[in-house]
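Presented below is the structure to which this report refers.
Order as written gives the chain letters A, B, C and D; numbering starts at 1 within each chain.
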C-alpha cells in the first residue's frame, strides 16, 4: 500500500475515476492550473486537460446548478465549492434542485454529482471560512453527506461518491489535508453507509467524524491509560447512516459520547443521540454526551479559536462524566 | 379580547409596531398593494404608504441582504420571503451576514431584523413550496427562530421579534393562517424563549410547535378518552429554547414524544431529544419518540401528501408505544 | 420560414394544443379536481411553439412554474401531463410532482420548476453536457421577466458566455411578475439589453408573433449548434390570466388587458389570419385542427380521471437511486 | 479638483498610509505574527483614497476581503486595525474578526467581508436606510472584478436602481480573481457596461489615477445625495501581490507585473510626480509625510504587540444582543 496524505488520497480518488469514466469532470473556482485554494486538484488540469478541469467565475449558484443539469444530462460532475461556508450561496441549487429532482420527476431522473468542499476551523480563518455545516445537508432528503477522517477513507469514499447515482456532498477537513497514512492503490471503494470502528473498546462508544475522529483517537489513548477503554466509531457517511453499527456498539458499551466540530444546536450529534435514545434506550447506562463547538460563530484570535474547537481534554472530561 | 385569525394576528403585530416605531418597514415580493401571496400584509400598504411597505424584485439574496445593511444602519426591517422553501436563495445573507455581523465585529453592531416566511405542507404545493426547514436556522448561532402555533402567540411573538435586537426568523404555517382565536389588543408581547404549556397532563409530554401543536392538541383529546393524559408543551421559540420548561415537564411525566413537520433526519426534534437525554436522562421511563415527516421530499398528490404529513393517528400511536 | 407551410401549420397546431390544454386545466382546477398552484400559459403560446419548432428530441429544455406550454411544445404527452395535474399514479411523475414539476427526461425536458430562475443554471449544465460530448445538441432555458432579476440569471449567462455553451436563454416577458409590472421591478425596457453584460447577442421580438419568435430562436439555436455560444432572446407578450388561478389580477389595467386579448394582438388569432391569408389553410381546416385537439385534450382528461391514485406507500420511494 | 491642493495632499497621505500599513502587514504575516488570510491592497490604494475623499462620517461603506485600504481611507484607526490583525482584545473586533471582518460602525464602516460580493446587498440596505430617514447620506459598496460575477451584484444593482437608492458601486477591477484573469471569468472588457442592465450610469476610470477616481466618485456620490440613484464606477487597476499572502502568483505574466509596478503606472509614484509638478509639495515634504506615516504604523504595531490576548471565555460573548 502507498503512503499518502489525505489531500493526495482525495486527488487520487478523483484521478482514478476520471481515468475510468470519461463523463467525470471537475468544475470550480481556481481548480485548474492553480490547483484549488488548498491544492487538492493540483496536477489534474495537466493530466486531463482544460475540457475536464475547468475554472468557473465566482458564481456558486451556477457551479452547483450547472452540475445538476450536466448530471441529469448524463455526466458526472465534481463541483468544488471553495469553503463549505459558501454553501449558503447555492443551497437552493443543492436543496431544491439536485436533491429533489429525482423524486419530483417520479423517479425518472438521475443526478450523479459530487459537491466537494472543505470545512473546519483551526487556521485562523474566522467566522466565514471555518464552519462545519454538515447537518444542513443531512436535513435534505435526496442528498448523501460524507466526511472522511483518514487518507484511505478519503480515497475510497471519493470513488464511491463519484460512482453513486445521487448528489453527494463530500466534505474534507482542512486540518486533515496533510495527514499521511496507508492508502490502497487503484479502484479502492469504501461503500457509502458503512461505519468503521477505528478503535475497539468495551467501556464507552465515541462516535466522531472528520477531524474530531482523530482527536477522539488521541483522547482514547489517554483514557486507556486511565483504564477506560473507548470504542471509536467513525460513521464516515452521515447520510446514509450506519445506524446498526452505532446501536451495536452502544449495546456493547452502554455509554455514548458524540463528538463533532459543528456548533451544538441542531448539529448532527443531536440526530445520533435521538436515534440511540429512540431505538437503543435500553442499552444506555448513562446519559448521552455531546462534545461540540459552542453555539457561537467562529472567532479569529487563536486564543479564542482554540477555546472554540472541541479537543482531547473536553472529550476525556465528557467520557469520565459517564462513569 | 378580540377574536382574530392567525393571519390577522400576524398583521396586527406588525401594525402595532409600525405605528409605535417609525423605523419598522416591510419589504418583500408582492407585499404592497397585493398584500402578499397569502394576504398577510393586506392593508398595510394603504395604512403606512409606499415608503414603508415595499415590493421588491424577485431577488431573495438582496431582500435579506439589504435588510442586514438597513438594520445595521438603524432601521428595523421586516423582510418577507414568500415561502420558507426559497430560503436556500438567501442562506448566505442570513447565515453568514445577518447572524454573524455582531460577533465578527466584536459586539459592535446590532442587526434587528425579522425575516417572515410561511412554511408547511397540506395544500398540494409539492416539493418546493411545502417545506419546514426550521432546523437549518436553529443551527446558525446569532439567529433566533420562532414558530407560533396560535393567533395570540402569532401576534405576541411578532411584536417581540420586531423589538428584538437580533435577526429573527419568524415562520408562520400556511395551514394555520385561517385559524381563529382570542388575541389581546394593543402591545401584547410574548417573550422569546418562554415555552407555553398548551395543555396540562401527567402521563406523557408532547413537545410540538406550529401546525403540529394543533394536531397534538387534537391527539391529546383522543388520548384522554383512552386514559392517557398528555401534557402539550409548545416551545414557541426554538432558539432561544426554553429547555427548563421541557425538562420540568419530562421530570413530571417521564415520557417524551416530539412532533414536528420537518423531515426526521436532523430535524429540530433530534436536538430536543438530545438535550433531554443529556440533561434529563434520569427522568425518562421510556425511549423518546419522534413523530415527523419521513425523509423524503414532499409529494404533490393529496394521497401522498396526507401520507407524508404527521397526523393525530401517528401521534397517538407513538404515545401508546411508550406505555 | 414565413414560406414554410408545414412548419407554420405545425406551430399553429401546437399553439392551439397549448391553449386548449390550458383552458381545460383552468376549468378543472376551478372545479376542484386537483390542488396546488396552476399558472396558466394562456396568451404566451407563441413562445413555446415558436422556440420548440426548432428543437430536436436530443435537445434539452428547462421550463418554469408556468410550464405546461413548454412541455407540450417539446412533445410532452398530454395524457401523462394531465394525469400528473390530477396527482395520479399514471402521471409523468407518478403524482409526486404536480403542475410545477412535470418532466420528461427522455424528451430532454428537465422539468418545470417551482423556483423562479432555477431552470437557467440547469439548462446551462445541460448545454455543458452537449458540448462536453461534442454533440450539436442545445439547451433552452425559459424564464420570465421577473426571473431576469434573480441571481441565477446573472451567474448562468456569465458562465454560459465564458464557456461558450450551446444554450439559448428565452425570456418570456409577459409584463408581470405576480402583481409587479415590469416597469416596477426593473429599470429597463428591453430585457435583451442585459446581454451586454455578458458579451453575448441579445434580441427582442414580438412575443405574440410565432414566426418572428421561431426565426429569432432558429438563429440563436443555429449559433449555439455551431459552437458560437449563448444568446438571450426576449419575447414580449402578456399574461392573459392572473398570476395563478384564483388571482383576480385587479392590478391590471382593464384597457391593457383588453388590448392584448384582442384578435390583432393575440398570437393564435393572428396566426389564423396569416394562414388563411397565405391560403395555407381555410377556416374549416383550422376548425378541424381545433376540434381534433379538443378531442386529444378530452382524452387526456378521461385518462387522468380514470387513472388510479398512487399508493400511499409510494411517498417513500424515488428519493435515492440505488 | 485637480486644483485643490489640500484635497490632493490628503489623498496622497491616505494612499501612503494604506501602502505603509499593508507593507507592514505583509511583513508581520510572513513573520508569523498572526494567522488566517491577508489579502493585500497594495497597488489599489488610489481607489479607496479617491472614493473616500468624498465621504462624510455619516456615509457608509461596505468593504471586502481586501479591506484594509477602505477602512483606512474611511478614517479607521490604525492601532485598532493592527490589534485586530493580531487577534488582540484591543482590536476593532476584540480579536473576534481578524483581517476579513474589521469594522467600525460608528464611522459607517459596515465591515470587511469574507464572502465575495456580500457587501453589495448590505450597502444597498444601508443606502435604503439613508433614503428612508430622508438624510442625504450615501453608501459605497467596494467589490472586485470577480465579485461582479456573483448573484449579489445583479440583485443589488437592480434593487438599488428600482428603488433609486443613494449607493455607489465601486468595482475594483484589479485584473484578477485569485488566479483568473478578468478575460477568463467574464466576456466583457468594461465592467461598467453592466450598468446598462439596470438602467443606471456606468463609468470606467483609470484605477491608478486618484484624481480621476475622486472625480468620478464625486459625481456619482453627488448624484446619489441628490436622490438620483445609484451609479456603477469601475476602477481599472492591478493587484501587486498574490491573491493572498503566500500565493506566489505564478499565473501572472512577469511583463504585466513589471509594467503595472513601474512608476509611470503606480498610483503613488504618479501622484508624487503630480504634486511636485504642480508645486503643491516638494519631495522633502512628501518624504516627511511618509516618515510620519511610518511612525503611525509602527505605533500601531507596538500597540498591537503590547495588547493582551482576549480571555478564552470571550468566545461565548457577543453572539446575541440582550
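Going forward, a contact is a pair of C-beta atoms (placed from the backbone, for glycine too) under 8 Å apart; a residue touches a chain by one contact, two chains touch by 3 or more.
In this text, all values refer to a predicted model and were calculated from it rather than measured experimentally.
K.L.:
According to the touch definition, list the chains common to the neighbour sets of chain B and chain C.
P.N.:
For chain B paired with chain C, the chains in contact with each are A, D, in label order.
K.L.:
Based on the averaged CA atom positions, which chain is farthest from chain A?
P.N.:
Centre of mass proxy via C-alpha means gives C as farthest from chain A.
K.L.:
Rounded to the nearest whole Å, what is the centre-to-centre distance of chain B and chain D, using the mean of the C-alpha atoms as each centre?
P.N.:
Comparing mean C-alpha positions, chain D is 40 Å from chain B.
K.L.:
Taking each chain's centre as the mean position of its Cα atoms, how many Å separate chain A from chain B?
P.N.:
Each chain reduced to its C-alpha mean, chain A and chain B end up 30 Å apart.
K.L.:
Averaging over Cα atoms per chain, report the distance between chain C and chain D in Å.
P.N.:
One centre to the other, that is 45 Å.
K.L.:
On a C-alpha centroid basis, what's the spacing between chain A and chain D, in Å?
P.N.:
36
K.L.:
Spell out, as numbers or ranges, the residues of chain C touching 2 or more other chains.
P.N.:
As it turns out, chain C has residues touching two or more other chains at 93, 95-97, 101, 113-115, 149-152, 154-155, 158, 162, 184-186, 319.
K.L.:
For chain A, write out the residues touching at least two other chains, lowest number first.
P.N.:
56-57, 59, 61, 85-86, 89, 92-93, 96, 103-104, 126-128, 141-142, 294-297, 299
K.L.:
Connecting every touching chain pair, does the picture come out as line, ring, star, complete or other?
P.N.:
Here the contact pattern is complete, since every chain touches every other one.
K.L.:
Any idea which chain D residues touch chain B in the complex?
P.N.:
Going through chain D, the ones touching chain B are 60, 62, 91-97, 101, 103-106, 110-111, 113-115, 118, 120-130, 132-133, 139, 151-152, 154-156, 158-159, 162-163, 317-322.
K.L.:
Report the residues of chain D in contact with chain A in the complex, numbered from low to high.
P.N.:
Residues of chain D touching chain A: 34-37, 84, 87-88, 93, 95-98, 100-101, 113-117, 146-147, 149-151, 177-180, 184-186, 251, 309-316, 319.
K.L.:
Report the residues of chain C in contact with chain D in the complex, numbered from low to high.
P.N.:
149-155, 158, 161-162, 184-188, 193-194, 196-200
K.L.:
Within the complex, which stretch of chain A touches chain C?
P.N.:
Against chain C, chain A makes touches at 25, 51, 54, 56-57, 59, 61-62, 64-75, 77, 92-93, 96-97, 101-110, 112, 141-142, 144, 165-166.
K.L.:
Chain B touches which residues of chain A in the complex?
P.N.:
85-89, 91-96, 99-100, 103-104, 126-128, 133, 135-136, 138-139, 141-142, 239, 262-263, 265-271, 273-279, 281, 284, 286-290, 294-297, 299
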